[in-house]
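A single structure is presented below for examination.
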Amino acid sequence: MALDLLLESIATGLLIGGFYAALSVGLTISFGLIDIANVAHPAFIILGAYFALALSQTFGIDPIIAGLLLVAPFYVIGNALYLFYSNTFERRGESSLAGLVLFFGLLILLEVGMATQFGVGLKALYSAYGSVAVSFGPLLLPLRFVYSFVAGVAAVIALELFLSRTFRGRAIRAVAQDAQAVSLMGAKPETIRLIAMGVSIATAGLAGGLVLAVGPISPYQDRLLIGRVFAVVVLGGSGSVVGALLGGIVLGISENIATIYLGAGWSLAVSAVILLLVLALRPSGILRR
Amino acid sequence: MKRNLAPMYLLVSLAFGAILPVFYKQPYFYFASYIVLQYVALSVAWNLLGGYGGYLNFGTSAFFGVGAYVSAYLFNSLGIPEVIAILAAGAVSALFGVLIGYSSLRLRGVYFAIATLAATTLVQSIVLNTPALGSAVGLYIRFPAAPAIYGNLIELLFVAMFGISVVSIGLSYWIENSWIGRGLMALRDDEQAAETLGVPTFRLKLYANVLSGFLMGVVGSLYPLYIGYIEPYSIFDLGISFNVFVMTFIGGIGTWQGPIIGALVLGSIQQAASVTVTSQYNLAVVAAAMLVFGIFSPGGLKGIFSRLFGKRSTGTVN
Amino acid sequence: MLDAKGVTKNFGGVRALSDVDFRVEKGERLGLIGPNGSGKTTLLSIIAGTIRTDKGRLAYKGRDITRVSPHKRAKLGIGRTFQIPKPLSSMTLLDNVIVPLVFIRGLHNKDGETSDVALELLQQVGLSAKASLRPKQLTQLELREMELARALAGKPELLLLDEVLAGLTSGEADDVVELLRGLNGRGIAIVMVEHIMRAVMGFSQRIVVLDFGVKIAEGDPEEISNDPEVLKAYIGE
Amino acid sequence: MASNQSVLSIENLQAGYGGVRVLHGVSMTVKERSVTVLLGTNGNGKSTLLKCLAGLVTPDAGSAKLSDDGAGVELAGMHPYEIVEAGVSLVPDGRRLFPLLTVEENLLMGAFKKSARKRHKENLKSMGELFPVLRERKGQLAGTLSGGEQQMLAIARALMSNPKLLLIDEPSLGLAPIVITKLMSTIKELRDKYGLTILMTEQNLPQAAKIADWGYIMVHGKIVFAGDAQQIHDNELVRRYYLVG
């Protein structure tokens, strides 16, 4: 019985890990590859969730499909964000630290904007599979987690392919290693970063759909995600998309195990402890640059 | 010569704060001023590491909250005298600063910023899961008796917060002009060069974080008495951290006057606005103001003042 | 005075230094030369402590300093300049020089005395007229002179110079070399990393040659300029 | 052998970094289908000259014209990515590979510009023929290659953009003599078989002299000697410039 419970929580943790990976891959690209510590990333995810809710309710579509529809507009938002950032902070030669000013401000603005526009209360979409569970051998798994896991893993695979198989994707990885050498290859580093930020925010659009598929949403929910997404990125090693998937799974399983042994109230503390520990012990992924 | 006058300014200010409520009676003034002064002290404390050292702390509310909960628990549940509870709150908060510092102050500043965000979540979780601290329900504070000289508790709290602010400002002024401030500014400019020039960079960052944490804890320790009831969501609110950060930024980061100007101006506007507008818009205005300043005047209000002043003084020379 | 044994450094699988033994005598003038990328700057950084060696040990005045932090080494008397100057950009030149006076020499800035000492140091490198300017207003050349003044402020006994002469005209270079000779006359040991052969050959009593992270030769300037290994490294075969 | 048509003419080029003048009016020409070598020890401005030509350093004065079938393109003041587009590719000092990308990914980065993207498959194939070792190691991370292999990869990566003019900064740096010999013969092959024009800087005089058509010696940011292959082979002269300076 106890073993069953453990097994089930590990399985659920794994599924949630795929979901966390989807929330974090965008940050892996912005923070890990182009050194933009976008603390507002989770706020963009929640914004995506509200848009997905509107789309789902208007057209009667699945929230995950709605998230996919948001990819293109969020890409453009990411482009705009980068242009704003590069023209105000980056161009002044200020480091990523100064950029935090912008993104912290944006985080608060987005929260307030959502709270006034959509109300502070919880909103939920009652989808057909919202409360359905599938049995998988002896395990009973919530279908909404299964779907978000599949979508999350698919997003990670798609991004990995993009980063390794396309000219632009490779350039994004290259620009993190040596921007000047990238310009010697005939690519404009600013354009590459513009694309990267677009992709980063585009994933937040999709992730918004997943957040909506998994549970109810509220305007300040991003605060529950900040510690988690940064823990995933740092755990996975900055800049590694596949690392984000592994980091997500580690976090998902740890949270679920903590829930069993310590109680549900502690799940939020898990990511914070992981983040602080990883920073303190400094594995190779987060070495000072 | 200036230096000799500094302790006198300090004493005169303290005396002014202590005497004011005896002569001037206006309950709302003290009620509102307490919050403004609280932000002055928090911003000045934040500036020690953030302004001089360039390491941005996004977890002001965590330090503030640790102070609030420690003092609330000590004088509520254990009946320990307020003054000791306040100092204990500062000490625990300082210890918290040591822990975060050891975890992330050896890394790039971005990691410190993220670590402070995570630390906020962590202490909030701890409080939420500790019944002795009221969990999610919160703690009601048993008010102590009002002191004899002042009419009510708020006036006393005003005097105390006034004193804390003045002492924080004094400390900040001293640090800015001492070897600690010089070392912090050196490492803010270039850590490697600073080390080569003999600056013990990690130790200074840790000092600044601990002192800053101590002051924030002391500030937080009075808050339960002011508000009467504390619960983890409002105490550990990111909005507090954000306010402090923006006030310092808008006032003029890295100078002792900057955080005072910023907190006085923005804090007063917020207090005035909170009568009429909801707190949501309040924060939005702050965020918007920060972005505007971030883009057009990185030096903040202090920068604008000194530019105006600078122009005028060259004018008179001509 | 300084005795480094078996210094080895890898950067992400790329070997920058392998098993280098490096020794500096008290009051010595030592030239450290080698082609670009041969590991000279890495070796200086390892001596100054900003980079830790992967293997081997460093002893300074008989004391093991392998794990000692850079600011403590500065206090022990090891001073350095950077190849690409690292000014403290928010401070004036004078304040840049005051930082080591306060942190290494333990002078206080209460009275004007410390400023006087700083000004004197700036004068030595010919920058006293620009003491109140900020680094942004200086040329690269002046920044390098400021680096020298800053390093001298710590009263070093071992001075590590990373290409202080680069970009100087031969007249200017002669002036700096003259200044360095004077310092050396006061007992400061100087390690000079330099590309300008004429200057480094004329200045040094002993020369160490690095190539691809390996020490390939060591000797007086005369020996070095006739050493076939060195010719090979510089000119080829 | 080299024709008399010049691909690049540099006139009175001056450049420096933040007040330190490194190039004091350099003039030289690079002829079509030639290997031109710029000699001199470190710190004399050779690298800076190539950086000017590639757009990494903006010259303060002077001009560098790339003749493009009669019409000249002024390189001075162009951005690096525009210069690549114009047909000049630099193999930079220190190689500047992307250490965490594989060998093949590094090569494909070289084919980023639009016109080269279309031809990346055939170019990849010919690079494999030119440098068989790169084909063998195509899945390996560039940072794990040996020095010689890295240099070959850097050259191959630059060739992936189909340049008219290839600039190579210190190809022999830190390489074992036997590897240098191999590398030099590869560079020669680029000229003889592929008709490429090459300007390279070198300290290694005897090796460079074996394949060079023209040589220049730079001391303290000025050209102090120009000559053909035979003249630059005069070891005594160069020795004087190198060690006595």
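Points to keep in mind about this one:
Order as written gives the chain letters A, B, C and D; numbering starts at 1 within each chain.
Basically, a contact is a pair of C-beta atoms (placed from the backbone, for glycine too) under 8 Å apart; a residue touches a chain by one contact, two chains touch by 3 or more.
Given the structure is predicted, the values throughout are model-derived calculations rather than measurements.
Listing every chain that touches chain A and chain C alike gives B, D.
Chain centres here are means of the Cα atoms, and by that rule the chain farthest away from chain D is B.
Across the assembly, the chain pair joined by the most C-beta contact pairs is A-B. Computed centre separation for the pair chain B/chain C is 43 angstrom, with centres defined by C-alpha atoms.
If each chain is reduced to the centroid of its CA atoms, chain A and chain B end up 32 Å from each other. In chain C, no residue touches two or more other chains.
Within chain D, the positions touching two or more other chains are listed as 99. Counting partner chains per residue, chain A has no residue touching two or more of them.
Inter-chain contacts occur between A-B, A-D, B-C, C-D. If you check the complex, the residues on chain B that touch chain C are 3, 179, 182-183, 185-186, 188-190, 192-201, 254. The residues of chain A lying in touch with chain D in their complex are 164, 167, 170-171, 173-174, 177-178, 180-188. Residues 54, 56, 58, 100, 102-104, 106-111, 113-115, 117-119, 121-122, 124-126, 128-129, 238-239, 242, 245-246, 249, 280-281, 283-284, 286-288, 290-291, 294-295, 298 of chain B are the ones that touch chain A when the two sit in their complex.
Chain contact summary for the complex, chain A toward chain B: residues 37, 39, 88-89, 92, 95-97, 100-102, 104-106, 108-109, 112-113, 115-116, 223, 226-227, 230-231, 234, 262-263, 265-266, 268-269, 271-273, 275-277, 279-280, 282, 286, 288-289. Note for the complex: chain C touches chain D at residues 12-14, 35-38, 138-143, 163, 166-167, 170, 195-198, 201, 211-212, 225, 232, 234-237.
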